[in-house]
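Each in structure tokens, the structures are laid out below.
First chain A sits with chain B, and in the next complex the same chain sits with chain C.
Presenting the complex of A and B:
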């Protein structure tokens, strides 16, 4: 951990993510304006003391809308990655501890899922399931399964022939207990790293879906939706796309930096050990 | 003497990788028709160079690997056709002490957690206080201090770790302990201590050992009965003194000569 604290990129990642999480937390207690109330008299205003980031084409406060959408972004990021990680871990662990047909079947299914480009798979699922928040969560969750399945598969495969697992078998530990009590704790650090890195990715996909009109639906705010709406004003009022763009970059960059730094520190620790 | 564990004509064949698709599948016999009996309170030694199939034999009789053919019997019952209760009894009755003690302990668990785990798994009436009492008592028997319980495997020495592993094997009051190269990874002085400890514990608990090693000196010290293995086959077997002091097979003679010549070098 001490090495992580000295890693500047890790600290930067933590700062960026805390900014977004802080913004989200504040949004539950205080919003400068109602994010969904339109005010046609105050359309497309530049930043001022009253409206810190200006107003959009319907006269809604951009800062308030950004704050409210951070809830969706973090919620979708956390929940969808949790779904993907849980199912992926389960499939990977089962496949790695099985033999022959079950192993082949499970992993070829995962390979098939992995062959689809992420956003295409998510779009396809949303097209089948219908638009909306929960379907977006589910679609992104399903998209996340292969990454975690592959990772846990290779980690379990690597660990399952270790002597401590053989020892556990020799005193009669059941397969379920070996997976949950012996293997999972050992592979957890790597899974957590992947988890953090995947949240950034999930938020990006959520924004893309919303941008295409398949995720969060108007009048609710989402960074992707705000970016999409700003397109009409690219020439007349380009500033409209800046706040949601920047907050998206901050969030995704933050999570990815944390994931990378933790991963690097673990690779170093492995090399040292 | 009662026979506890018995191997009958066990064979283990591994598939060799095919060079091309239509080639006939070829096998390598890692273990070739081996039979022996482990008797109550006795130590049976298996000696041979690396790759002779010793470890495969140990894993087959401890049911960590399935034999290609042949049977393993525990108190006369085939372990392949046992009921669940009988199998659990077998699992408790046959324990392992592995070659690299540190790797055989869960790296993320403390020694205490490592030692409590077998009791948790095998006892339906698990109670932490009672279990801890048992663990501390056994620690005393393997000459370890209680303070070791809070440490992780990475924080203790190899000799200490092997004592922990022996304590873990003894916790379930086994009838047989399979020692697979259990002193090979340790310093010579520690080796002697561990061997002495195993002998003392055998007198106290009446456990049988299957003692597997490439080290003829250690096997000579520990065993009542010896089997010499090479390329999956038993070349010579019999009472320890008979086999190791008056070997008949040329392979056994070479094995003994090579190990003795090293010891002589060390003296010089």
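Presenting the complex of A and C:
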């Protein structure tokens, strides 16, 4: 941990994520304006003391909408990656501890899921399930499954011939117990690293889906949706597409930096051991 | 080697089989059924049954799947509800746009990635390396659709250097056509540069540490010549075969970029299929894109083995 604290990129990542989490926390107690109240008299205003980031095409306060959107982004990021990690871990562990046909079938399935370009699988699921917050969460969660399945598969494969597993087997410990009591605790650190790195990606996909009109639905606010709405004003008021993009970059960059730094420090620790 | 090719082909067919099942089953779950959806509000039970029969939806799902697969393999991909045209024709009409986008974006991305990857490895932990790595981090975090939007605002709408929308086909002149997709290609290229630099940088670093590099120094070659003649060759050729794996990223990015720049490509076709709930079209496009990704990956996997002698002879390439 002390090595991590000295890593400037890690510190930067923590600062960026804290900013967004802080913004989200504050949004529950205080918002400068009601994010959904329309006021056509004050539409497309430039930033001022009253409206720090200006107003949008319906006269809604942009800062308030960005603050409310951070709830969706963080919520979708956390929940969808949790779904993907849980199911992926399960499939990967089963595949690595079985033999022959089951292993082959599971891994081909994972390869198959991996062949879907990022947003494609999510789009297909949304087409079937319908637009909306929960369906986007589910779609992104399913997209995350193969990443975690691959990782846990190779980690478990690495561990399963280790002496402590052999010893447990020789005591007649059941497979479920070996997975949950012995394998999972060993591979957890790497899974957690992947978890934090994946949140940034999940938030990116959520914003892409919302941008295409397939994620969070109006009048609710989402950074991707705000960017999508700004498209009509690229000629008349281009500033509209700046604030949601910047906050999106800050969030994704923050989570990526944390994931990378933790990953680097673990690689170094293993090399040193 | 032959064993490897056969094994890779077989597992590829397995993956394609799973993709076809996933695509088919997922789209079967749609609330209501395609026949009902395409008839709309004036659907009487008799009409629905008649249409279901004509669409082959009256038999159990596994028979539907087999019929669909047979049709697919024989080139009958069905007809789109929205366009009223054969799906295979719709796809082949739009393919040139997306292929030009992919080709141009790789043409832009590869020289940059090679340059930055090699320089960043040669000057490891110097300021230029830190700069390249920061740019990589930033490139990973900036959403492509936002970048596309900003480029559109500044370079197309603002300065008027590029057309705001639309695609000019190759027949109307090569440069005019390139100009019409240059801006979206740059956006896609920026998304590709990061991962490519990462691969080339680490490959160059390991190539510089090889024994043969020490040998060139012992033989009295200058550092520049040693790098130009030996290290570069080892470091660049192998990673470039991985370019195929970027295809998934390019096709995913194309959905957003084509929608923003109003380019009539595969990505836009996909988006229309989703928006209009045109499931047969969606099925066709999804299966087309994923098959392309799988097949290109198989080819590059095999190329990678052929090009990289260390892997060819079973050595460790890490």
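By definition in this document, the second predicted complex is superposed on the first by the 273 of 273 C-alpha atoms of A that agree within 3 Å, B and C clash if a C-alpha of one lies under 4 Å from a C-alpha of the other, contacts with A are read in each partner's own complex, and residues count from 1 in each chain.
Keep this in mind: a contact is a pair of C-beta atoms (placed from the backbone, for glycine too) under 8 Å apart; a residue touches a chain by one contact, two chains touch by 3 or more.
Treat the numbers as computed from the prediction; the structure is a model and nothing was measured.
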Superposed model, chain A: greater residue contact from chain B or chain C: C
First, second, both or neither for A:26, with chain B first and chain C second: neither
Chain B versus chain C as contact partner of A:186, first or second or both or neither: first
Which of chain B and chain C A:231 touches, first, second, both or neither: second
Partner chain in contact with A:171 - chain B first, chain C second, else both or neither: first
Contacts of A:15 with chain B and chain C, given as first, second, both or neither: neither
First, second, both or neither for A:163, with chain B first and chain C second: first
Residue ranges of chain A touching chain C (in the complex, touch as defined): 9, 104, 108-109, 111-113, 115-120, 123-128, 130, 200, 204, 207-208, 211-214, 224, 227, 230-231, 234-235, 238, 241, 245, 248-249, 252-253, 256-257, 260
For the chain A and chain B complex, residues of the former touching the latter: 162-164, 166-174, 177, 181-182, 185-186
Chain A-facing residues of chain B, complex: 62, 64, 88, 91-92, 94-96, 98-100, 103-108, 117-118, 121-122, 165, 168, 172
Residues of chain C defined as touching chain A within the complex: 11, 14-19, 22-23, 26-27, 29-31, 137-138, 140-143, 145-146, 149-150, 152-153, 157-158, 248-249, 251-252, 255-256, 259-260, 270-271, 273-275, 277, 279, 282, 286, 289-290, 293-294, 297
